[in-house]
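Order of writing sets the labels: A, B, C, D and E. Residues in every chain begin at 1.
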Amino acid sequence: MEKQSFFRDRIMPVGTILLGLLVIWYIATVFLNAPFERDTAARAGTPISFSEILPKTMFQERPVLPAPHQVVAEIWDTTVNKPITSKRSLVYHAWITLSATLLGFGIGTVLGILLAVGIVHNRAMDRSLMPWVIASQTIPILAIAPMIIVVLNAVGIAGLLPKALISTYLSFFPIVVGMVKGLRSPEQIQLDLMHTYYASPSQTFWKLRWPASMPYLFTSLKVAIAISLVGAIVGELPTGAISGLGARLLAGSYYGQTVQIWSALFMAAALAATLVIIVGFAHTAVLRRMGVKP
Amino acid sequence: ADKVVLQLKWVTQAQFAGYYVAKDKGFYEEEGLDVEIKPGGPDIAPPQVIAGGGADVVVDWMPSALATREKGVPLVNIAQPFKSSGMMLTCLKESGVATPADFKGKTLGVWFFGNEYPFLSWMSQLGLKTDGGPDGVTVLKQGFNVDPLIQKQAACISTMTYNEYWQVIDAGIKPEDLVTFKYEDQGVATLEDGLYVLEDKLKDPAFKEKMVKFVRASMKGWKYAEANQDEAADIVLENDATGAQTEAHQKRMMGEIAKLTAGSNGALDEADYKRTVASLMKGGSDPVITKEPEGAFTHEITDAALK
Amino acid sequence: MTITPASVVSARNLGLTFETNDGPVNALTGVNLDVNKGDFVSFIGPSGCGKTTFLRVIADLEKPTSGTITVNGTTPEDARKNRSYGYVFQAAALYPWRTIEKNIALPLEIMGYGAADQKARIERTLDLVNLTGFGKKFPWQLSGGMQQRASIARALAFDADLLLMDEPFGALDEIVRDHLNEQLLKLWDRTNKTICFVTHSIPEAVYLSTKIVVMSPRPGRVTDVIESTLPKERPLDIRETPEFLEIASRVREGLRAGHSYDE
Amino acid sequence: MNSGLIVGSIAFWLIAWAINEWLVRRKFKNRSAVRAARLAVPLLFGITILVLWEGLVRGLNVPSVLLPPPSMIWTRLINSLPTLWADFQQTFLKAVITGYALGCGLGFLVAIAIDRSPFLQKGLLPLGNFVSALPVIGVAPIMVMWFGFDWQSKVAVVVIMTFFPMLVNTVSGLAATSSMERDLMRTYAASWFQTLLKLRLPAAWPFIFNALKINSTLALIGAIVAEFFGTPIVGMGFRISTEVGRMNVDMVWAEIAVAAVAGSAFYGLVALVERAVTFWHPSVRGGQA
Amino acid sequence: MTITPASVVSARNLGLTFETNDGPVNALTGVNLDVNKGDFVSFIGPSGCGKTTFLRVIADLEKPTSGTITVNGTTPEDARKNRSYGYVFQAAALYPWRTIEKNIALPLEIMGYGAADQKARIERTLDLVNLTGFGKKFPWQLSGGMQQRASIARALAFDADLLLMDEPFGALDEIVRDHLNEQLLKLWDRTNKTICFVTHSIPEAVYLSTKIVVMSPRPGRVTDVIESTLPKERPLDIRETPEFLEIASRVREGLRAGHSYDE
């Protein structure tokens, strides 16, 4: 019964939608890649029929949109067929990016929560800090990232941390926004109860505000971890784009290797999906422990 | 060993083969140097890195270096391994461009980030406005690849002889379908990959000494690379941490790069310098530099290194 | 000073006005009241007359907009900080993420009771409100009345000299209610607590109290204060005595008078 | 190095902080004083940062190609208003606003669709996670390839960036009703749509506004970064990336300042609407510590 | 067929077990009950005996785990979809983002009443529960009793033949309660509705009902069903008649019997 429903509830729906997307993708591949074939043929002076174009669009070297099987082949080739320590292995690069993501996400989460706590508890911080936290987010990170990295380098911080800090920079914001809301979500009567016990702010925090903010926290965490990954990838550019998925994307883009871009993109997306799903599981587990009515 | 940090202008590729060869072949080590090579990327400005203390010496193009100098970061050229410029404008024949006179009304792809200066001074020489008006050209900021040409979003795009041009060819477009304009031929070429350091650091004799050794070893690397192109390309591939470069492409690039470095022993040719400065000062309404730079290069290092 | 040393709550000319989107609401006006140590005071009055508001003022959950009030001779704020009262809210206000046990443990944790002591107290109070065996359940797994009993247990778990109870027995059937009434009286007698008790049941008010405060709405004010002449020892069948019935009818009169403004 | 400037600016910072603490603790009698104090606090904080910045940059002789002092940025800003305005139009008015509206709208609609159909919920949500972290760097070149150089491709990037926060928040928000509130709707045999409209959406607003707020800044970042990968020669991202190369770092910061003001104003607007729409939520109604 | 045509609710051997983290809870077992058209049925029993659960089963908010139940001759689900009942929850369950007026309008909007009709109904029901003038306030600006009255108004605003009321008058004082009792009886008489009414007050149950169902807990079941012999016309002072008192004492007996299992 369990197994059956796993198939029916998980594989089937995802599979169906996937299949649909795949079909659309193939169709798009034909349409987006056909003009190039037509041009080549035109330049060569040999007219070409649609049925001749069709198979060609599936195997271009630099397609506008690579066909799914090309991407799959590339991913297979760069994950399974290469030792994971190799610089040509996508797993290796994914790991580099993942480590920066996780570090950045960790710091970002802690920082975001601390800021939210400060904002909720200290009115001076609420009034003065929040506008500037917002303003900080409107600074295009790619523009100042090099400066940050240069400065950090100058004070002797190099390696994983500068990249992670860029993840942090992007990921702390959803956490601040969500947690400020979440920490303020307890009902008046629940706060009053704490008030009557003359609970200290830290007790009110741990016994009321914190548990009450859980739905907001986990929602924010999902967004934050996804953005962290984006941040880590962005952060790989100004650190010299030496390794990591960002470097792969860039190199792919630089040399017009669409297939490589797409496979790196898929790796990044798969990584993100996995991370978000892990956070989702944690969410469910915490909710169950908190006795939420199913 | 003395530590030297070198900041490249772009990602690891045969364009910087000399340095990788020097490191790999132990030329630096022989001089008692421990050289760290930092690859660049799309938004790494080497001048910023050196101003922030992140590098001792940087590879940069002269327009950008001179502009930086005017902004108060006194960069000095200590060596010029690249004799000639590899930049050109590559156009599709079918878009109707045959001579510079045909540019009017066309869309042209240009790299920015400091690389646009030669283009702008060329256009001002041609008397073409770059604001997209009908009697000028429309300028696109082109990304890092040649897609705009292939997709016909632009009539012409910027390419380097050693890199992007071949990507266009790889994309299945025949050389005879293309028209190219080398900046070198148009008389607007500016000096490309040179080595730059901060002026005040040169006052320190120990640093100077280090640079002399560095330039000497680097030039040895360049000459070795010119002579052993396949091996040099392999060394570059070895050092590419992205694992995205292909052997064929790097070998070809090495071949083209060798043509550019061929004429140089490392010393800056003053005539080239003058031409570059002149071209930059002309830059139309928005000149790159406003006054004749002074002390922007020195022969001291190369003189000592090439003794 | 007019405050007698034994005065636990003393309100002088107390008023409270809420500002709302469509104009101010006078929840309390000119309330004068003294509650002495050991008193059992019931508040009775039509819905919306300010009973809850008055309790909240005592508990320092609302600030009066006029007049003065002292609790244990100090400001309500200081009294709250001394943890001198336990409050049972009109709604159960259990934390949904804590089991019943943990909900009762909440004030104990905050006030720093030891683990063993906590356990003993939880057991004792669960038993007192007839919820033994439900400690491990979450609030939504209990019926309405059970939730309210849990919230009573929570307020009784720690030792406060003053108990503020806002319709604690509203959702309970007569039998449980009688049982809890008796228990509460016993507790009060044994511990010499002071209790402020809001109820809608006239018999309950008369049965429990040493003093009955009748309030009336719009604006909320005290219309009558009735001192009970019943003895301290009160078996359940005291409710059939003429003395009892007489007090009850006096309360009913007072209530009706308050209502007449309205209907 | 000029230690006088450094000490001076740090002292200024400390004093300003003290004033702020005093301002927020003080209870003002009349309303306009309260409002003035509310405005003064963040303003003072901002001024402090600028003073500290100016003092440190000048005091420590930081080269202006690394970090120019605010005064220099200001001069530059004033002198290049037409350029800045053109860039602002291109990036903010065209790309950001359109992309934000489309991305948030799409995220919202997909969330509703997911909510409507359990099948989609199981099939689409995991795939929604999949697009959550499509990195701008990877996507931007592809979008340029598909939608051309102009702002349309930036819109596409912004759509992708803002889609996921909206999706996740809306899905969470729609689940944020209590069982009794839902039971009430059941007793009315309310249709799915009625329940959505009258119960679940109102309850979801606080979450949805979180996404709108996060996206208001994310959209701007996305559009600017996307312009690094090919644009016509106008736009905030274009300007930033070229001027960095030209070592006109003051111009870069002038653009950043414009971005910050625009982004903050955008965020502020969303926050204002939020206060009006979710007035009933405890976080808005009161409930400060 | 055993179902008489006029049977509104008919339960046969009904059982419901909740699965909880620490074992199953038998909320209802072997409940047999018929409610006929026009009946006024009160449910009375100790806290936690399954009154709310039974009402929820009728309303199709819980599915029974054994036995059968029909509502209006159909399944509870169909009955719900026919909008054949109005439900007053034990807690007010007002939506915080709607004013009182708007909360009352909620079912009307959903069931598609016209704007003018809505306005008239809101006014009428607000008046019925004595809340005229509070329509524009938000729920958190009302006292506990006022909130509950608002939720009663909400259930009365639309025309359902069956009313399910879970302790609607629990938080109200005697006077308002008497008033609402009278109003409810009038409404019932005039409209010939069927009413299922949970209460903890024996006099209230006896005063209102044609049938009193006494329940007892663990496991929840029906222990006694008392048909009232009081006339349909019931002035308030009927509560002093011997007939009334006799029924009341029978109910009290039944209740006490249920309790004895427990204490």
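Definition applied: contacts are C-beta pairs under 8 Å (C-beta built on N, C-alpha and C of every residue); 3 or more make two chains touch, one makes a residue touch a chain.
This is a predicted model, so every value here is computed, not measured.
Visitor: What's the overlap between the neighbours of chain D and those of chain E?
Guide: none
Visitor: Give me the two chains with the most inter-chain contact pairs.
Guide: Chains A-D share more contact pairs than any other pair.
Visitor: With chain centres defined as C-alpha means, what is the inter-centre distance between chain B and chain C in Å?
Guide: 84
Visitor: Could you work out how far the Cα centre of chain A sits from that of chain E, in whole Å?
Guide: Whole-Å distance between the two chain centres: 52.
Visitor: Could you give the separation in Å between the centres of chain C and chain D, each centre being the mean of its C-alpha atoms?
Guide: 48
Visitor: Between chain C and chain E, what is the gap in Å from one C-alpha centre to the other?
Guide: 28
Visitor: Touching at least two other chains at once: which residues of chain E meet that condition?
Guide: If we look for residues of chain E contacting two or more partner chains, we find 21, 91, 138, 140.
Visitor: Among all residues of chain D, which ones touch two or more of the remaining chains?
Guide: Residue numbers touching two or more other chains: 66, 141, 145, 179, 228-229, 241, 244, 281, 285.
Visitor: On chain B, where are the residues touching two or more other chains?
Guide: 42-43, 45, 48, 51-52, 143-145, 147, 151
Visitor: If we use the touch criterion from the header, which chain pairs count as touching?
Guide: Inter-chain contacts occur between A-B, A-C, A-D, B-D, C-E, D-E.
Visitor: Mind pulling up the chain A residues that touch chain B in the complex?
Guide: 36, 40, 43, 61-62, 64, 86-89, 92-93, 142-143, 145-147, 149-151, 153-154, 237-243, 247-248, 250-257, 260
Visitor: Mind listing the chain A positions that touch chain D in their complex?
Guide: Spelled out, the residues of chain A in touch with chain D are 9-10, 12-18, 21, 32, 64, 120-121, 123-124, 127-132, 134-144, 146-147, 150-151, 170, 173-174, 177-178, 180-181, 184-188, 191, 201, 204, 215-216, 218-220, 222-223, 226-227, 229-230, 233-234, 237, 245-246, 249-250, 253, 258, 261, 264-265, 268-273, 275-277, 280, 293.
Visitor: In the complex formed with chain A, which residues of chain D make contact?
Guide: Listed in rising order, the residues of chain D that touch chain A are 17, 20-21, 23-25, 38, 41-42, 44-46, 49, 66-67, 119-124, 126-127, 129-139, 141-142, 145-146, 161, 164-165, 168-169, 172, 176, 179, 206-207, 210-211, 213-214, 217-218, 220-221, 224-225, 228-229, 236-237, 240-241, 244, 252, 255-256, 259-264, 267-268, 281-283, 285-289.
Visitor: In the complex of these two chains, what residues of chain A are touching chain C?
Guide: 187, 189-190, 192-200, 203, 207-208, 211-212, 214, 290-293
Visitor: In the complex formed with chain A, which residues of chain C make contact?
Guide: Touch residues, chain C against chain A: 56, 59-61, 80-83, 85-87, 89, 91, 93, 95-99, 106-107, 109-111, 138, 140.
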